[in-house]
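Below you'll find the structure, written out as structure tokens, and then a few comments.
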Amino acid sequence: MSESAQNTAVTDERIKEISPLRKALIRPELGGMVGTVAVFTFFLLFAFDSGMFNAQGMMNWSVVSAQFMIIAVGACLLMIAGEFDLSVGSMIGFSGMMIAIFSVTLAWPVWMAIIVTFAMALAIGALNGWIVIRTGLPSFIVTLAFLFILRGFTIFLPQVIERKTIIGGVKDAAEGDWLAPIFGGKILQGFFQWMGDAGIIAVFERGTRQGQPVVDGVPMLIVWAIVLIIFGHVLLTKTKFGNWIFASGGDAEAARNSGVPVNRVKILMFMFTAFCATIFAVCQVMEFGSAGADRGLLKEFEAIIAVVIGGALLTGGYGSVLGAALGALIFGVVQQGLFFAGVESSLFRVFLGVILLGAVILNTYIRRIITGER
Amino acid sequence: MSESAQNTAVTDERIKEISPLRKALIRPELGGMVGTVAVFTFFLLFAFDSGMFNAQGMMNWSVVSAQFMIIAVGACLLMIAGEFDLSVGSMIGFSGMMIAIFSVTLAWPVWMAIIVTFAMALAIGALNGWIVIRTGLPSFIVTLAFLFILRGFTIFLPQVIERKTIIGGVKDAAEGDWLAPIFGGKILQGFFQWMGDAGIIAVFERGTRQGQPVVDGVPMLIVWAIVLIIFGHVLLTKTKFGNWIFASGGDAEAARNSGVPVNRVKILMFMFTAFCATIFAVCQVMEFGSAGADRGLLKEFEAIIAVVIGGALLTGGYGSVLGAALGALIFGVVQQGLFFAGVESSLFRVFLGVILLGAVILNTYIRRIITGER
Amino acid sequence: EGEKYILVSHAPDSDSWWNTIKNGIALAGDQMGVEVEYRNPPTGDLADMARIIDQAAASGPNGIITTLADYDVLSGPIKSAVDSGVDVIIMNTGTPDQAREVGALMYVGQPEYDAGFAAGQRAKGDGIGSFLCVNHYIVQPSSQERCQGFADGLGIELGDQMIDAGQDPAEIKNRVLAYLSANPDTDAVLTLGPTSADPTILALEENGMAGDIYFGTFDLGGEIVKGIKSGVIQWGIDQQPFLQAYLPVVVMANYHRYGVLPGNNINSGPGFVTADGLSKIEEFAGEYR
Amino acid sequence: MNPEHAPIIQMKNIEKHFGSVIALAGVSVDVFPGECHCLLGDNGAGKSTFIKTMSGVHQPTHGEILFEGHPMHFADPRDAIEAGIATVHQHLAMIPLMSVSRNFFMGNEPVKKVGPIQLFDHDYANKVTMEEMKKMGINLRGPDQAVGTLSGGERQTVAIARAVHFGAKVLILDEPTSALGVRQTANVLATIDKVRKQGIAVVFITHNVRHALAVGDRFTVLNRGQTLGTAQRGQITPEELQDLMAGGQEMVELEGSLGGTV
Amino acid sequence: MNPEHAPIIQMKNIEKHFGSVIALAGVSVDVFPGECHCLLGDNGAGKSTFIKTMSGVHQPTHGEILFEGHPMHFADPRDAIEAGIATVHQHLAMIPLMSVSRNFFMGNEPVKKVGPIQLFDHDYANKVTMEEMKKMGINLRGPDQAVGTLSGGERQTVAIARAVHFGAKVLILDEPTSALGVRQTANVLATIDKVRKQGIAVVFITHNVRHALAVGDRFTVLNRGQTLGTAQRGQITPEELQDLMAGGQEMVELEGSLGGTV
């Protein structure tokens, strides 16, 4: 037996040769990678001279993609853990509104408003998860309920308190705060100024900011996106907890029987999703200086779309954070690219749908070709 | 062996007594039944004198509920067959717009516009189903793509053709058409006139219709809802095809191995959902005489909510059309009832969410108490 | 005393501009001692709005104040309400003719197309030849009438100068940036309310066109007022929503109590708000202005 | 057993590849009516894959299937069922949420006519289900009990009873007895015996030499996707068969330590 | 086998009701370290339910569990695993989409420290997995192969190898051999034997009398949720045991027709 074991460990006549390249390609993010290349090729060919690839244009779609990435990372881990969250969009609206109410209406220091808001969001995320776990209801239904509830409060609260649905003035309140720049600031400003002076990127030719570089720094939003992607990727693939996430989503019952604390994993993932949504909200409020009742509408779908384009299975147990990030990039580039390319804007949704479908089908198809499954 | 077989067939000591009442109660629609009673009790107590239960008020929530019922029947059968359709709302908008474009812009006879629209809708439903079957993608993603695509066309087409997003004048076009009254007409008008004359229901006090009853007939919308419910119920519980629907949703692989034509079942159910959405759209267009790009927004969720409140499992294989109809009734009564009860309108969504959550939890809880599972 | 009036709008829950309307009826209700309610279809679906008017009529109020966003859809329910003895005033959208047609007492508002047209003519006078219309709620007919009116006022084709901007501020901002960088010779920007105006201001600040490009907007809000003050925005079209909500309640209450009724419709707008005389507007922007 | 009878199914040189995995590398087997053909072999030898090509679940990558002498291409299981091949798969073909009687008749629903409409005949279905299950030694609480509430062995029995009830010309059983108790196993073996005597061809997969020997007429051993040959009953001793099934490897030491009880 | 040793687990009068179904109606069993305790019985007798109360999946409706002499309440499987009870469930505890090595270490992930952060030690996990699987006679293509692509028997072997690798004081196996080939079965039985000799208590459920007799020290037969008593090895003949397992019913006719091969 031992002889044959060693023997077959070396070669198994029932397995055709697989090239290492092919093997390296069999990963969830493959479709996302191919899609990214395809999308960039397309826009480089058809919208190159529209300004999409100058400094300003690149910053434009980078920011939009970074937004998607932030919520996609949360949605991705949650989806791999076998659940999903339709209340992301409402949570964005709600968190933003809370910060505005705390900092403007109640005049708390902005750092306190931010911290308390994060605490509330995490609590709501945990509540979501707890209800899902305790009742055994599908997360679709539970989070759909929270979609309505949170949006309702986001509309109701400011109206009762301030008699408006947009609360502005957060920028003034955030002046000099120590925490706010972490969400609303920019980095590398010196570098961009230097690039502008050196003529590497364009400078403003007219208007109030004449002489300044058109892009004057990397917004914290992008930094957050990168940090979250790295965190999510390491968590998922390199840690014990990552194994638990896969297990909980793959088969919760089996995982539980093997001693994985499935409930804890799922609740934590709901909290992480809420956390990501709140980061999104805080960055937005800090950038725009106001919170509105309509912020974040439909963002839950965009997050889910990005994750699925990135190769995750909607049913859980399979996927990758890098894939989700590429999905978000594709989504952001396509969305902005259509505007650069000057596509009739009421057709925008049609393109979005077609590209979503195309990307996902391509994804599945490529995976099948390469893995050889049928 | 045969002795013991007969013996245990009569009594099995391992099974506690179950009363026939309890046994009769173990059905998917139980939660819906309890919910309906609860909702009516609530509003009878708290909104009785708000006009909710006069002729006009009753017609109001009946019509709203009937609307939900029409799309809930389609969504219910599809959900039991293991898929769902997020493009219902967009399909409503799209179908309505097509009828308006055909009959007003292209000046086709209305019956032809209606028939061609039905054909298009069925084709799109079949396409949805075909893509789901062929690619093996989750229906969530595929129909989400169609949500965008159909809505995009609904905005784009009228804008290109007529330069507006609402196309009116369908009522005039439908004058004298033989098919239009089947969707936009009313029945039992004589009976209501008699009730008005007899003082059982209120009559108009002024205007051109002075002396006529405030409610002058049962709209075809309600008739359609009843017809579809009966059809769906019989199809699901009393026919061979109904068994296939359950089997396809319960475990597609197993059903396929047993010779159930799963692909055909699923595609047909997608088509039926599209059919129901189109009935909704045609009734709406015929009643209001115009089609707008915003029609049907978020109706897909309302359909899914009604179905789930009615006891179906989101994962497929379990549910009932009667339950879905009760879910739609609850949803309609609650929605209109909240207006009657004078609830602050920005809190409406909060209530909706809480009631959804409450209904579903109640549903699960009751089912567990009665079946005794833990 | 204690009359009950219901205001039905066509706006989805999240549309921030309607806030002023809510404040307007609330104040009028307080002052007149009547009970007022605000109702709207949560998603902005006009067919749902028709049901709400039916429902409002069934609950037996003294009067209904409603918009007439689509004559086809809403005329039936409004006529039924009128016929069953409920008085109706049309506000905001619709035209005086349509209001008379459905049997309403009067019309208070600003016809959207006309307002857009007037703005277009004003911009033409300022030498504008092309523009970008940032439409944040494209499925709503009135939003389009504004852009169309503006284009007609300028005497040019609307074409693809109107973009579907969505409602997310970052997306609006970035779409405006994308459009302007793809079409750098655009003369003017037109926004349709605070939702699209606020991010557009930021977009213009970012690409350095703030104060440089001609910028007009419909409807006021906090940021818009600041923009007008700082010269980023040339003018805002104020249709004075407060009056659209406040006046019908007052008119109706007095009509029911004393039988008095103005003999004409009331045009609450359009009024062009420019940098002169902003102080009151500044104080109450988003609340009563 | 008539020696002149022709095989009902001839599988010729069947190959099946899943991507880079070669599950079957050319397997030929003939199945005769009225005989029980046992398929034996190690885990992963390709037994399930082989019978799945027979029942239309998989299409073979290469090779030919003759059914009653004619080449056959089953596009999906429905074709095979219609041709008269009933299969009980290793991973069950039951829907847990559906009642026993609905499962029993899945794909073969009895109908009764009410006017022009054909309705599912629930009464008939319930009656037959209860009877058939009783014959297999399982007493149901009622025909509307959900399959999901049955124990693993009970479910297996439903699947077998169903296949036997509808099993037209060929009955394929993939490890039917693995989850069964002693009594149910005896029942299944007796059923195979009975069915075979009615002239139906049975293909029976098992890991249990004793079960195979109890009912088998022919024994084919698969190993790593290839056949080690087919033997007729009487041509081979139980010990030889056991050795073949284990891939002919040194079982002696293990056997020794456990006293030959495997 | 030291006669003085105390039982490691005492299950006293365990009852378990599922709604209206009484799955266990008072079962008492003692499990001793270093012994293999066979649980036998008909389908639906309650064997799986019984061991699930032992491994924390179900909480008993009535009755008491003593672990090493102390009353124990396992709120969930994690508690039981921490107390040292490893279980291989009948319906597998494997995640099909995950790789073999991730499955193998699921819930017991090895970590290595990189600075202050604890990372999953994939290299170690892969190495151990390959080794352990080789020991069981299964050659994997690689440790990152998904469990879903293994055959049923191969999966079962992964589950057993895992439980044995981590199995602390008590190892529970629910029909581990039912899907296995002859060689793998022999391996599992040899493993049970080895584990038992290391002083670990083994609870072994099977429908195969021969397998039970090969490794069992004690035999408990369940029937319809009740125990028919426990016998020690040597106190009972194979025939008696077989009769008990079938619920003592008339097997004679069947046995006769099939030649006593069941």
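Per-chain residue numbering starts at 1, and chain names A, B, C, D and E are given in the order in which the chains are listed.
Just so we're on the same page, contacts are C-beta pairs under 8 Å (C-beta built on N, C-alpha and C of every residue); 3 or more make two chains touch, one makes a residue touch a chain.
Bear in mind the structure is a predicted one, so any value in this text is a computation, not a measurement.
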Count of contact steps on the shortest path from subunit C to subunit D: 2
Higher-contact pair (C-beta pairs counted), B-C versus B-D: B-C
Of all other chains, the one whose Cα centre sits farthest from subunit A: D
Cα-centroid distance, subunit A relative to subunit E, in whole angstrom: 44
Rounded Å distance between subunit A and subunit D, as computed from the means of their C-alpha atoms: 49
Centre distance in Å when subunit A and subunit C are each reduced to the mean of their C-alpha atoms: 34
Multi-chain contact sites of subunit A, meaning residues that touch two or more partners: 1, 15, 151, 155, 159, 344, 346, 348-349
Interface hub residues of subunit C, defined as touching at least two other chains: 13, 138, 164
Overlap residues in subunit D, where contacts from two or more other chains coincide: 18, 21, 183, 249
Contact set on subunit B toward subunit C in their complex: 50-52, 54, 56-57, 59-61, 63-64, 155, 159, 163-166, 168-171, 202, 204-210, 214, 284, 287-290, 292-298, 336, 339-340, 342, 345-346, 348-349
Subunit A-touching residues of subunit C, taken from the complex the two chains share: 13-16, 18-19, 22-23, 138, 160, 162-164, 167-171, 173-175, 177-179, 181-184, 194-195, 198-199, 202, 205, 207-212, 221-223, 286-287
Residues of subunit C that touch subunit B when the two form their complex: 13, 37-40, 42-47, 50-52, 54-60, 70-73, 76, 79-80, 82-85, 103, 138-141, 144-145, 148, 158, 164
Subunit A-touching residues of subunit E, taken from the complex the two chains share: 55, 57, 76-78, 81-82, 87, 89, 92-98, 102, 105-109, 111, 117-120, 122, 130, 134, 137, 139, 141
Parts of subunit E lying in touch with subunit D, wherever the complex brings them together: 18, 21, 41-45, 48, 90-91, 138, 149-154, 157, 175, 178-187, 189-190, 193, 207-211, 213-215, 242, 245-247, 249, 251, 254-255, 257-259, 261-262
